[in-house]
Structure formats: structure tokens, C-alpha cells
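Sending over a structure as C-alpha cells; questions will come in a sec.
Lettered A, B, C and D in written order, each chain numbered from 1.
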């Protein structure tokens, strides 16, 4: 019995002393392993053009870049980015791989985990579904010496570079546009069909709409969460029309993919005479070729096109810059925005970055 | 045993994947961590399934608790240790909702937990809406990191905790009162209720446990990922369900092991990791999962019907025996020639007794013998005309011997060794030995005590015909013919010890006249061996008789310093042939009912006398097979031979030829001088 | 017997549906006595036992156990008070081992298996039940399960032990052991209620006998004052129970159905018999002798994947059905013994039940099934089988008496004239009045030229109905009698030896 | 003594009265109550426009609910209906994007439904896999398999000139087309349930499968048939949804909201999960009931999280009621039977 007790205590002591917390160091890890290439600390001040070209190619050669979007196949935004990145990185001799997480956050987390643990990437390009989801992964990646570039959807944990749209400004702009139409009609009620509460896109958009609506004297009569699902959006649009009827003049939907079913619901209501023709307009953000079709069909009255391929190109540039400067991942962070413009039936064919096809 | 097929299929599957997919050492870590979290869910689900229910809401409970722990820590600043305690409590609270609806209100488990799956996810979303923006501050507690990234003696914390919980859960489920109740409820509610088991409480506890485990898994998940959205645990229920089904946990309740479920989880996680490493669309994982789920559900269904029968067949594994030359007893005028010497022995207890394997005679000349109904008869000496049941042991009383104090020792098949006192009461001498280590088969019981004798130091040597089959299934042992038997010594202080392991069907045991060795007869190998228990050769085993023409049974000392032995069966060329072909015997057991099995000729009646050096002196037969068709033991006393037979309806008493009579009291333990107290004297 | 009885029931009644299961029962058991409870099938023996064991609650009357008035809401309360019941349909847990089952209910908080197995083996072997304690109960046969159940019941050290038909499936040798064990328990002062319909057993072992008929106590007497005839008279209320219906026509010369060496282990082994059109063949035997099993094989109900051999011929043509539908198409109808579980649709009306039987019997399923057709078919059979109810189109089956239910079950199978009908326990749980009617229906079928097989555990019924009697034992047919030569003794002898 | 029996027989409890009532009637009562209450408390609820929206949105749910009812009536369950509805749209649009004609694409989607129904039926009726597991598995398999094997995009929209489009938008005889479709499905199902052998046999199997089997009923065919109908109707509902929304995405979980709504409607409508009982009136009423609840919640600006909760609570109430009115045999209850 005694021996057993002693053994138990000894075991317990061993177990307790054997515990580690595994808390990652606050200090960022080592710089990205650059191999033998000397291009760290940036391009020399004076250098031959041919030499610099060689240096850049050497730096980027065999670098493994992983792109982990929310959804890839058939999803025009991310394919637009992906195609730009692919072309750019392949021309520089880097390996570029897309990991499709298929709208499955778990899958995304697992993929990133795998990339970090097995060190299969030198830089990650992330498309973040939620303000909080990837905080730990971004931290871990940087600690493991991997650069992190975040596209379009911010995270609470900053990566090395963020590139995307200035959503607040875009939201203000499109709200202003709606205000103009509403006032022409003598109405002032607008409603939001938004996304999930912790979606970064949702948070910023709502902020922008609110500010502009207040300035313009518009009343936000309703806000719902479509969960970015088409069927919910159309149902919510129909319900809103019923509820606010004659006073409603604009449905604000921050994504053209969801705006389309909402527009459909509006059209049905118009056809059935439950709302006056052209009384309610759908105002979206973004305009893929589908969105543009919606605009020309009258399902969406106006949208904001922002430079999707610019985001792709921007990410391409940012990654190159990170490797060339060679700072430790996570040591410095920067944010960059792309241009945008309001489009409707009249001007959409003239805007270069509107109606993109994702290729 | 019963889960062998699904589980081995699962293992083959995972090995195939590991071989085909370049999974590295890093994936091992990921897989382990993943198994740790979801494995907790699998344990919970297994427990619920064993209790006859199902819990689909585990993924949602995990999600809700993951968020709750973050909120408690980051928003309300609850001390981390308290959070660790609270996480399973929160999970258990959600589990209690399931338990209440299913156990109390008696709703259907599947649909109920399908509803709570949505409802709990709703709660998680609501928490997310309300608190999410405030969860961005990083944690300050080391415990948080310890749970997520830390290690315990080099093992990642989640994995270590999972293994601990797994072991506890396994023991609880298989050994504890709670586990038993749960199993019985899941298997058959009516029986459970009739056995006085509180069905409602058992079912309720299963859901509580499943909730608590999901809650704890939630804590681990949030420590690992730090995710603060409501999507944690989404779709886990199908993954875990597949894993559990893969592990052979029955969906119809009452059958399942958490260990196997954990193995199932391991396989599923390997599949998942493989799809990630191969950059496959997660549609592939879903598809694979569905196929695996369907396949194993069908397997459970089809396999479940036959698994017991299958297991029973696998348990019989006939061995191959090389047999020596066969003495032909039909040749005339040899020592072995069939004769009729036993035929006319007058019967004792005709019609009263059914199958006495052995007998014993006390000082008063009273005869005691067992009976296959578990009774001990006593026939009054000297003529043995009247008999009555003297004691009841139950079981199959086989070998008899007197101990040093003059009490009757009986080896009872199924019950070990019993001692019968003068007043007819019985007491247990021993019925177990120490379980041998590293043996899958529990051999701690003395299942089939067959014969016994007492050594000069008072210790009892007992032969155990087989440590696998019971006395009533002796046919199995005959067919299997493997070294399953043992010789066991019961020391005077009551402790037991195995002195010969792995002996082929030991039967007769007899202490030699000099008290230095024990003779053991191996029925299956037609031989007699000698085990030295003292002297220079102590502990050694050496042959005495080999290649006998029959299957030896009990042995006893003869009064002239030799030994008597009987054959329970005779060898024939065909039975010898069969010994060489175990596959043939296996097939026989599969295709024929027991009473049609071909075994050595059991109806014989052959007795022989042999010397210490192994020389056969004399062979007696009942060639008619009418009176004594089977003689299993010979006891000599005061010039008479008492013939017992386990299938005879009588004992026999044969007057000995004068040349056989000696001066030794065969009943007394050799080399001891203790006065024998007779039962009859004690009565007076 | 002037001591305070262990158990005293006064005016106990229990109602199921529209019928009294037991009615105003007064009953008492003394410590150290074996009290036999006798009665026909459905006389209320099991119901009474279940009330005493706390499985069901009585509706009226008082139950005094150990001098205390009790109403149990769960069996656990009764067993805590000292009542142990050995159930006819065992209450063992199939997925657990024999040892676990033996100790289930009074197990320790944490159980180590090897000592438990040893103790269990001792317990079983003490009654000479040779069953491996490590075996999973689901793998045992019916008789072995019964043994485990008995061993457990005796082991529990109860004040009152109820044995409900413990001898139904055990061999004579095991029966001797059981009686010895009962004797020992009795000497320890245990009160034993011994439920049986076997009079000889009751006379052999009991001290007192109580006879139930239709839920009412007929008498309670010391066994010594009784003999077989007097008990039978009390059990059935009249001297001759069954009227024998004479055969209206002779049997056909060629068998309609031949079962030839059919084997389906473990229940059926080399079973052979023939059935002739126009004749009623009675199959007698113990429960578990393979009677119902072979019938289910013939009717395509048993899964026949593991059929061990043999052949079944219908009018000389070999048949092998995988579903009952195929059998039904060929005119083979099996009427189940377990009416409640698989005899009818309890939420449907009589008319709907019969009509469903009617459409299922069609070899090609009719597309349309109009309410009108339903009514006509239903009406025809309600009249023909004299099913008594106010509104056959509305009355649900659960609300009917056992006799009417059985008639509906029969009607459902007979909407289209079959070639072979196998009726398993035709009058189990049927009220006395309806028995004669059902027997008349069965005889009518045979007279109509149908080959009829009747399986019954009740020998008087077999003797009353059959033209020819065969006896099943251990999965085989062991004896055949002409109806005129057969008597209960000879049949029973064949059934157990 | 007879008095006791009399009392037993004449005693009517709330439970026995409710049990005797067609649950459809009960639910209609609840609907009326809700309409009144909702009209009083919620602005814009009791308008023809709003109610027509409710009806139009309930059309697809109603069709899936009837599909589910076919199976539940026969003591089964089909968890693959949600997946089938989603996949019907995906397959059609993917094939159309590959240049198939609309008719051919729809035909292909129906073909997928046919295969799914047969597989479900085979697994449940012939192999004997518990319906829950079988359909859970096949649903997953269908979603994953189609996605992996066929789809090339994650997002499809319906061409505005497609015929399917009109299914969602137009109206027939003043009734919105979708609602008209639902009415047709109800009428056909009613005929099937009441006037055909098939319908009678489904009910019989639900009442007592053992009896139905031993009676010689064509069990397997009928069961397979019910799963087939369920799959085809779900595909049809998928077309209705696709027409209404104009687009289809490929992200779908095994327990989709549609499956859930359909199950709720069936259970609320009084189609007992223990089989054999239920009416179409109940299913229709149940469908409208849950659509009204969702509508009321949306009109009152409840967040989707709370809507989920409210929905789940409704279903909890429904199953508790079902458990109370039609208790299953406690003694033999296993996880296998729902």
C-alpha cells in the first residue's frame, strides 16, 4: 500500500513537472528563411537593372505561397484574385497553391494549421471569414516565420499586410447614391440585409451606412442577417417590403451575390403589385459579371465596383515586397486600399474593373 | 472478439491511407490533437449509444461551451481555473436538457437531439451576436495556453487529458455499477427495469455525461483555436457518429466500447488529414465519410446477427498432435488382450447413482462417490447395500481423495476443490489461482478440476483438465486437444500455485508411493508423466508411460506398491488419423451437432496396473461393455477393486486376485502416519 | 397455517382494455410454503404475478406484503421489499455476460470480472446448470436463459420467490434440480409461488394450490386434498373442455405440403412432415421445439440465409420463399401466435384490417383501393366470421376482445382461399366462448379442402382439433399419432423424452 | 366491480380527447389564434400581401413536408430530402451551364432523385439499415458526391428567361404558381393516400411493419416507392426554391433548414413518428403554421439566432406533444427508431 502511495505521488510529481504551457513567445520568430539569396533589407540603393531583376528572381525562386480563400471554385471574387496571383508568382518562379476551404471555417483552420506545422509555405494569403477566427493562426504563422497577407476581410489580429476595399467609405458612397434616388421619390426609409454580426465586412458596412444615413436624413427601418444565404435574403427582402410597404425606398445589401435574390423578391412584389414599380431599389456592393447582369436586368439599381483584380495584384506586390525587405514576419504591419466607383446601368460598361469574370 | 471484424477493417483502411498518402510526422501531431477533441465527443456518443439513445447535439454543445468559456474568460474575467471547471458543467447543463426530454418526457432520442442541435447552435449564435466584438483581447492566463498548446510529460495536454478520460470511461462503462446499468438499459429496458434499475436515471446520466464531455471538448477546442465564432463544432456530429459506428459500437444499444470508438475516431481523423494534405475539396471528405458510415452501418447490421456464432467458432482451435505407434489390443494373447475380468464385478448402488467418476472408502468401510447431479453418495459398509445422499456439492464431482485430517476432498468440475466434513457439510478449499500475466484469456478460475491427490506435506495437487472449457463441455477439449490444462498445487495454507502450465488435458493425479513425486496422466497425449516434488530432481517432469493404446483417466495407488489406472477411451487408427488433421476436426465441429462428433471410442472398460518405472503389469477389461461400459477410476481397498465410471449407473466391486494384494493402505497419504479419523466414528 | 402470511391479497382487480385480467382475487402465501398458481392460458396467472412483483399496478384491492399494505410503482420497490420474480420471458440483458446478469441489480460500485466469474460459476454449477459465466446471454438458448434466470432468482435470497412457468423449456433432469433448489429455498423459509399449467408438477411440489379461471379465484386448497381431475374441473369450469369436431371429409391422398429434412440451426433440425388437403395436422411439443420456427420457414417469414438443408414441396413442386409475399401468392398462410406483435394493425378498424389482408393476397397488387370496396370486403368477413362489434368500420382492433381479435386475424389471412394454412396457437388469450367458434372455423377450412396445420402447446386443443398429431422435440419430429390413438400422456412422453 | 370498469371506459382525459382529434384541426385552430394575435400586435402581418408571401414561401416547404410525410407515415424518415432539394437545383443549373437544354437538365436532376430514392429504399427496405442512418448517409453522399463529381462552380444563377424561373414568379388562375404547385401535390397525395393500395399499405407498414410483412404485403416495393416519391417531390421542391431565388449555392449541411422545416411541419401536423397516423390536412396546416411563425419573428426583427431558437422550441413542443399523445413502447425503445 505504502509503495503504491509513494509511486502515485512520484507519478503525480512527474506529471506536474512535465507540464508546459506552450505559450508562444511574444517576440516574433526568425526572419523568413531566405536560403542563400542576399536580398534582405531591400534592394541596394544603386544597382544594375539586370542585377536587380536577378536578385528579385532569386529571392522569389521556390518560395511557396499559399492562398486560402473562403471559397474558390466558381466564386468570382477569389478566382479573380487567384488568377492574378497565379500569373504573377509563376512568372517569378515561386510555387503558388490555392487551398479551397469551401466555406468551411473548420476546414480553413485545419488547412492553415497543416501549412504551419508542416512548414509547407513561406507566405500565406488569407481571406478571413470572421474577425476572430484566425487570430491564433496568424500569430502562429508569424511566429513560425511565415508572412501573412490578409485580403479584403480584416481580422482582429493583423497580418503583415492587409489589402482590400475601404468598406466604410464605399458604404457611405452607396448610401449617398440611395439617398439621392429616395429623395427624388420623396421617401426616406431604407433597410439593410446584412451578414453575420462578427463578419468584418458586415461590421464596417453597417458603420458606413449608418453614418451616411444620418447625414442624409435617411431612416434605417430594418436590419437583418442573411447569413450570406440567397434563400434567406430573398425571404427577408419580401418580408421587409410587406412590412414597410409604401415607405420603403432602398434595400441595402453589401454583396451582389445576395443582392440578386433580394432584387428578385422585389421584382416579384412589383409584378404582384404589392409595391409600386421602381419604388424600391436594391443597392449592392461589388459587381461581378453576375452583378452587372443584375443591374442591366433592373434587379440591382446601383452598386459599388471596387478593384478586385487590384486586390490580387496588390497582394502579389506585397508578398514580393515582404520577401525583398526581409523583415521578421509580424514585425511591421501595413494596410492598403483599392479604388472604387459607384456604378449603375448608365456607367457600368465604362468602368474598367466592373463586371469582372473571375479569370 | 465480436468487434474484431469492423475494427480490423477500420485498421486496414487507416493503414492503407497512411501508406498511400504522404502523411508526415507533423500530421501525427495534428491528428492526435484532433482525436483528443473529437474523441471526447466520441466517448460521450458511445456512452449514449450503449444506453440505447443517440446524441446529435454534441457538436452544438461543443460550440456553445467553446464560446461560453471565451466569454467567461475574456468578458467577465472569471478565474481560469473556475472556467476549466465550469466548461463541463455548462456542457452537462445542455446535456441535461436532452436527458430531461428523452428520459423524462420520453421523446425520441434522434429527433430530440436533432432539434437541440439547432437550438444549441442558436444559443451559440446569440452569444456570438452579443459578445463577439468583445472577445478580441488575448488571454492572460497560462492555463489557457497549457490547455491549448502545452504538454504533460511530453504529451500534448489535450491528448494526455483525452487518454486519462478514455481510460476512466472505459473502466466505468465495463466495470462500474453505473456502466452496467447503462448497458442493461440500452440492451433491454424491460429487463433492466425488472432488475430494479432506474431506467430514467441511467438514460439521463448518459446524456449528462455526453454533454459534460462535449463541454470539456469545447474548452479544449477554444484553447486550441481561440475561435470566437459560433461555427465551432459544426458538423462534428456526423464525423463522430461515423467514427463511433466505425469502431463497432452498435446502434441498437447495449454494445460498444469507448476504446474502439476512439480507434474509430483515429481512423476518421486520418482520412480527414489525408484529404487536407492532398488538397482535396472538403466534398471528398464528406463523401468518404458518408460511404464509410453507410458501409459500417450495413456491416453492423449484417455482422451483428452472426458475430456470436462466429466468435464461438473462432474460439475452438483444434491443435495438431503427432501420435506414436498404436498397440493393437485385438491381437490375441498379449498383455493387452481384451478380456472379461471386470464383467462380473457385483454392482453397488445400481439405479441410484448416475455417473460416479471416482469414489473413496473410509475406515468404516463406507463408500463415498460423487454423481453428476452434484451429489455425494454414501453407501454403508461393509456390504454397501444401502446408500443415501451424504452431501451436495453441486457441479460435477470428479476426483476424490482423503486429506491428512481424514476429510474427503472432492475435485468438482466447475467449482474447484471442495472439502466434505464428517457431518456432510462442504467447504471450499480453492477455486482460483492467480491470473497469469499477459494472457488475454482469464485463467484465474479453476474451471475443470478433474482429479486430485495429497502430497506428504499436506499440499493438494489438482489436475485441471482445461482452463478454457468447463466440465460440461469436455467434448470441446477432446476435439481441440491443445495444451490448455494445468496442474495446480493447493498449499496447506490455502494459497494456490500453478505447477505445470500448458499441459494437454491432465486427468489422473496420484502421489507416488515414496511421496517424492506426483504422477499426472495426459488424456490427450496417451501418456503419464512424473513431476518430482522433492529430492534432487525437484520440479522436473519426466515420462513414465508413453504411447498408451487408450486415453488415460484416473490413477490410484495399488496396495502392492504399483499403480492402477483406467482408460476413458481407446485409440483407434481413425481417431489417430483425426488427431493429425485439426482442420478436419474444426470442420466437424462446424457442420455436425455435438452428439455426432467423431471422438475416440468412449465406451471402453479397460484398467491397467503399472509400476513406478512404467512397466505395465496387468490389463483388465469388461469386453461385454454391459455392466461397466466405462471405467474412469479404480480404487483398491482391502482386497477389493472399486470400479467407478462417469457414464455408468453403478459402481462395481471386484475381488482382487491374491497375487495383487499388498500391505499398503492405498488411501493414506504416502510417507505420513496420521491416524485416520473415520466419518463413521465421528458420527458416533 | 395460522401465522401471518408473507403475502396477502384482498380483492385485487386489474383491467386491460375492456376486460378484467384478474377480478377480486383473494390470495395468500405463507413463509416456507410452495403455493402453486394454476390456470389455463389467459386465466390471469401472469397478471397476478406481475402485480405481486410490482411490474403492473392493480386497479383495485389491497396488497399486503410482510404485513404492510403496498402499491408498487416499479419492480425495484417490490424487489427491495423482498419479492423476486423469475419471468417466463426472461428478464436477462442479452448483451451482457451471464455473470453480469447474475449479479445485476446487486452489483458493487466497481466490479472486477474474474472473481465475479468464479462466483457466478459456483452459483450456476451449484444448481448443476452448466453455462459459461463469460458467455454473452444473447448467445444462449432459451433453456439456458431460463436456467440463468432461475439461478438468479434463487440466489437473490428473497422472502417471496415467484416462478412463472419455469419448466416450460427445461429438460426433465434440469427440472429435478430446480425442484431440489425450490425445496432448499423453502426450508430456509422462503415463500414460493409456482405458476404452471402442468398439473403433475404442481401436485408434486406444492403445499397448496390456488386455481384461477378467467381472472377469478376458483379455490385455494392444500395439495393433499386435490387430484388431477378436481383441479381440471376447477380450471376449465366443466368436465369436458373441447368438443371434437368430426372431419367432414377425408384427407386427400397426396400431400399438399411436404417438409423434408429441413434444417435451420439452432432451432430446426431435420424436420420432416407432410400435410394433406382436407386434414388438420396438429403439431405438439414444448416451446422452443422448433414448431413455430419451421412454420415460419415454410411461410417465408424466417430469413433463410442459413438454411442448413432440406426441401419444402408444395404439391410436389420444390419451393423456397424469401418473403411471406411469395408464400402468400402460392396460397400459404401463416397465422401468428403473437397476435399483438404481428397479427393486426392496431390503429385501424376491423374493416381496414381485413381489407389490407385482402389486397395483400392478390398476386398483382390492385392500383386502386376505394373505400367502397373496403366496406364490401370487410362486411363479408365480419359476417362470415361472426365478429361481434357495433361498428366494424370504426372500431379499432385494440378495443376488441381477444376472441374477436383472433377472428379478425384469421379473416385477414383467409380473404382469398388458401391452399395451406398454418395456425400457431389458435386460441391463445381467447375467451372461452370464442374458442369453439374458432375451432369451428378451422374445421370448416379443412372441410373446404384446405390443408390445415395447427400448432398448439395445449394438448387438449391438439387432441380436439387434429386428425393427425405429430410431436416436435429439439427441432425434429419425433412421433406421429393418429388422432384416435393419441392421448395426452403419449404425446407428452414423446415431447420430452 | 362493473362500476370500476364503467369508470375506466367512460373516463375521458384531455389526452384521450386530443388523441381522438385530428391534429390538423388543432393546428388550424392554432393558426387562427396566431393570425388574430399577430394581427393585433404586429403591423403589416395581417395583410393579403404578407399572407401571400407566407404562402409562397411555404410552397417549397410544403412539398418537402409531404415528401417527408410519405416516408414517416410508413414508419421511416428521410433525412436526405434537404440535400436532394439543393442538389436538384445544382445539377440542373450545372448541366444547363454546360449547354444542356433546360428539359434535359431537369430530367437529369429527376434522374438523380430517382437513383437516390431507389438507394434509400434499397438500404432501408432490403438491407434493413435504420432509416435515419441510411438517409443521413445518402444525403451526405449525394451532397458531397455531386459536388466533387459534377459541379464546377460554387454559385449558379438561373437565366431570367428560363421556364423554371416562371415557376417561381408567375401565377395560375390568380394563385402564385408555387402555391398552385403545392395544391396539385396535395391533391395527388390525398388521392394516393386514400384511394390506392399503395397508400393503404404505407399506412399499414407504419402501423405495424411485422404484421404487414407476415401478411404478405409487398413491403419492400411499397417502402422503396415511398422513398422514391419522397426523393422526387424533394427534387421538385428544389426547383421551386431555385425558381424563387434565382440562384443556387453549393454550400449545404446535412441538416439543412429545409429538412428541418419539413420535419417540423410533419410532426406538428400530427403525422406520428411512430408511423401509421397522420393526415394531409395536418401536414398542410403544419407547414403554414411554421411559415407564419418565421414570418412573425422576421416582422418583429428577431435575429436569426433567436429565430433558430424559436423554431427549435416549436419543434420541441411538437415532439413533446407527439411523445405524450402517441407514446412509443418504452420497453422496446431503441435508438434505431428515431
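We adopt the following convention: a contact is a pair of C-beta atoms (placed from the backbone, for glycine too) under 8 Å apart; a residue touches a chain by one contact, two chains touch by 3 or more.
Keep in mind that what you see is a predicted model, and the values were worked out from it rather than measured.
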Intersection of contact partners for chain B and chain C: D
Geometric centre: closest chain by C-alpha means: B
Most remote chain, CA-based centroid, reference being chain C: A
Of B-D and A-B, pair with higher C-beta contact tally: B-D
CA centroid of chain A to CA centroid of chain B, Å: 62
Centre distance in Å when chain B and chain D are each reduced to the mean of their C-alpha atoms: 51
For chain A paired with chain C, centre-to-centre distance based on mean C-alpha positions, whole Å: 72
Rounded Å distance, chain C centre to chain D centre (Cα mean): 42
Numbers and ranges of chain B residues touching at least 2 other chains: 128-129, 190, 193, 234-235, 253, 281, 283
Of all residues in chain D, the ones touching two or more other chains: 303-304
Pairs of chains, among all present, that meet the touch criterion: A-B, A-D, B-C, B-D, C-D
Touching residues (chain side chain D, partner chain A) in the complex: 43-44, 47, 49-50, 52-53, 56-57, 151-157, 160, 168-169, 171, 176, 241, 244-251, 294-295, 298-299, 301, 303-304
Chain B-facing residues of chain A, complex: 14-15, 18-24, 73, 97, 99-102, 104-107, 109-111, 113-114, 117-119, 129-133, 135-137, 156, 196-198, 203
Residue numbers on chain D that touch chain C, as the complex places them: 1, 4-5, 8-9, 194-201, 203-204, 207-208, 210-221, 276-277
Touch list for chain B against partner chain D, complex: 49, 52-54, 101, 105-112, 114-119, 121-126, 128-129, 189-190, 193, 230, 234-235, 238, 241, 245, 251-253, 281, 283-291, 293-294, 297-298, 301
Residue ranges of chain D in contact with chain B within the complex: 123, 127-130, 132-134, 136-141, 143-145, 147-148, 253-255, 260, 263, 267, 273, 303-309, 311-313, 315-316, 319-320, 322-324, 327-328, 330-338
